[in-house]
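The following block contains the structure, expressed as structure tokens.
Order as written gives the chain letters A, B and C; numbering starts at 1 within each chain.
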Amino acid sequence: METFLTILLDGLQFSSYLFIVSAGLTIIFGVMKILNVCHGSFYAWGAYTAAFFIGKFSDMGMPDAVGFLIIVAAAIAVGVVLGFIIEQGILKYMYQRDEVLIVLATFGLFLVLEDIILIAFGTDPYFAYQPMALLDSVEMGGIIRDVYGLSLIGVATMVAVGCWFLLNKTKWGVILKAVIFDREMGISMGINVPFVYTLTFIGGAILGGLGGAYIAPTISVAPGLGTEVIVLSFAVVVVGGMGSIAGAAIGSLIIGILRALAVHELPQVELFVVFAVMAIVLVFRPEGLFAPAKPRKI
Amino acid sequence: MTRAAPIIEIRDLLKTFGAVVAAKDINIDISRGEIVGIIGANGAGKTCFVNMVTGYLSPTSGSITFEGVELVGKGPREVTHAGISRSFQVSQVFHSMTVAENLRIALAIAENRGVNALRIMESDALEAKCNDVLKRYKLEDYRDMTVSVLSQGIRKLLDIAMAVVSEPRILLLDEPTSGISVEEKFDFMDVVMGALKEDNVTVLFVEHDMEIVERYVSRVLAFYQGEIIADMSPDKALADDKVQEFVIGKRH
Amino acid sequence: MLRDTTSKVVLFGGIAIILLGAMMPNWIVNQLMFGFSRALAILGLLVLWRTGLVSFGHAFYFGLGAYTVAIVDIQLGVTDVFIRLLGGAMIAGFAGFVIGFIMRNYRDIFFAMLNTAISMVLYGIIVKTESLGSTDGFAISLPTIFGIAPETKYPLFVIITMIAMISALAVNFYLKTTVGRLTTPIRDNEIRVEYLGFSVAHAIHLKYTISAVLAGGAGALMAMSLGQVDPDSMINWTVSGELVFITILSGPGNVIAPFIGSLVFEVLRTYAFELAPQAWQLIVGATFLTIIFFLPGGIWSLIAKLGRKNS
């Protein structure tokens, strides 16, 4: 029972963090049809920025609770600055080109951003445990969990509800859906598509940054952070269906729980299982389990 | 005049998409050398018929026998191998290649089946054939121009020329004159039909333009709601009441 | 068959490099070995890239080739350079042939991602399996040539250069055949290719298998040149990305391009590690973007331009 609960909570926590990052990836793909490899960098930048400032502010004697503000501020700052620069500076000029070529360009960006991290923050790991220490831990069903980890599930739920609300209950949602469904139709309806693209990319980048910033207090923030997370998020969006928020949620749950199960019960297959599921889904249902509807073009 | 055995026999062809009937009770025999015009309003089932004969769609039931070989169940590639080619309503050519490059690929594929595809493609013989086709289809002037810069008419000529290089016995043309200006349509058809006559190909073509039908075909098949409502010579067909009403749209 | 300019350049250039190699210092010979080994994989990716297919997972075949060498060495004590190479290329080729049945139905990013997924499965297995060397990998014993253990690296260098020449000539020939010419046609219009009477799936399957054999051979030669294998520098997705990078850097124009591109990559890496060890990925990434934006034909397009000016 205790093992079961541990696996479940580990799985949910892992799913939550995957979902926050993947939601950003899938929104960008859904609206812009860009598979954004440098999404991994948004995550890494979010983590580094948060860890760096949490450490700095703590040294200055600020209360630990400020850490939470920093996490949110770091995510927004990373998303707005990097998202804006990349979309306006590079991607804007690539929309006419082959989608595979755009993937390669974002891979190039990923490499550049990885090294700028090294140059900016050095190779030594950062520890930003303060927000985590602040929240303490609780006993649930015989096991002790830290509250900070559990709060991740809450943040992911908030992100999911927020995305759902934005897409289904606001004027913005209508515009986004129109562009997702058919870009040309969106233009003919008078939607300022370039502007929608910029905002979407920034929004997606903020989610990537938030994933990194929120996870930062629980890990040692060290080089190479983005490399693993990007392939895992790829697996999530492929399993769920690229471009679908609900798909990203289901994909995260499947991959998060499978991975937690593997870590506890069969550590040899930990990495294997995630990508095996991804490959199987691609083979049998290439559009993913929850692909959004596509317009007929013929 | 004795009638030779038909080159293609179509029996009880039926195609449904859910509740929609796209083709029904289609029974046709076509003899070698016939030029058949397929007419009908939009959505009458003409393109669906062409797609079934050329293996792009498989019929719900029925049979298509070509030179004694059953075609139902065969895909586009196998139908091409059997000896039936087609052109398209919107030309399907390699748009980032030149006209000559398009033809060379078409010729090479037609000649090098199976393991032979691993032979060097370019040769003097291929070049000579390519020049011959360019000449017959009046494409010499466009030889080294990239397809994407050419007019729809030239693209359609190329599309047809590429369909013919495999020396098919039956050629299906899907609206050959659509997208071609009124002034050019007869010149265009003269080039195409002239070239095809040399090869003695049986031709079926879908056409909206009754002037073209009148001038070039020896037999008309009129489609209405997936069924053939008239199968007769063009002069009779164009005077036929049902054809007048359901195809041409005139009320009397 | 060998009458065209490219074949002549490969033949005479290769022979010249072999002869010059005897006089060159060790470090240059090493660079050439690494460069030529990796170039084989790039040659395979070039075959796919011309048809518009980009695999973000060919480290799978590269890694299979490399690990085959390690395993036949450790388990069976096979040291012969040719058996190792053949083993690596054949295992990878067989895997490519089998996986090709699935892969031939995929295009664009789905093709790229399915390859990534498969390569990451192998990565995941090797990283977690002690008997496969886990994250540390294996050291590989020096290869022998017909039973003789060479004292210098030069004989291995000669063999690698010759394999590179043969592969370049073979691919150059393949690209001139009918199926080899089905590159832009498949990218432009698959329906037309089918209606001309050629199976697009068969064509892609062949291209994919060729690329797998070449990547496997590349991995095998690289393993022998380096004397070791490990998952992070041979199978991780970043390695696949690196292979794609060199392919774009080289350009699809000619079979010689991958060799030039790979050498440029080796030199770039050596100097980058000396001058700015923390900026290696930055240099690669920036070069990548520059090529995509300003030089879509890769380095080869520069060489082709020079060639046209001089003639």
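One rule holds in what follows: a contact is a pair of C-beta atoms (placed from the backbone, for glycine too) under 8 Å apart; a residue touches a chain by one contact, two chains touch by 3 or more.
Treat the numbers as computed from the prediction; the structure is a model and nothing was measured.
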{"item": "Interchain contact steps from chain A to chain B (minimum; 1 if touching)", "value": "2"}
{"item": "Identifier of the chain whose CA centre is least distant from the whole-structure CA centre", "value": "C"}
{"item": "Inter-chain centre distance, chain A versus chain B - centres from mean C-alpha coordinates, in Å", "value": "52"}
{"item": "Between chain C and chain A, distance of the C-alpha-averaged centres to the nearest whole Å", "value": "33"}
{"item": "Mean-CA-position distance for chain C and chain B (Å)", "value": "45"}
{"item": "Residue ranges of chain B in contact with chain C within the complex", "value": "54, 75-77, 80-81, 85-86, 92-97, 105-106, 108-110, 112-113, 116-122, 162-163, 166"}
{"item": "Residues of chain A touching chain C in the complex", "value": "35, 90, 93-94, 98-101, 103-105, 107-116, 118-119, 123, 227, 231, 234-235, 238, 267-276, 278-279, 282-283, 286"}
{"item": "Chain A contact footprint on chain C (complex, rising order)", "value": "52, 54, 56, 102, 106, 108-110, 112-114, 116-118, 120-121, 123-125, 127-129, 236-238, 241, 244-245, 248, 278-282, 284-289, 292-293"}
{"item": "Chain C residues touching chain B - in the complex, by the definition given at the top", "value": "1, 173-174, 176-182, 184-185, 187-189, 191-199"}
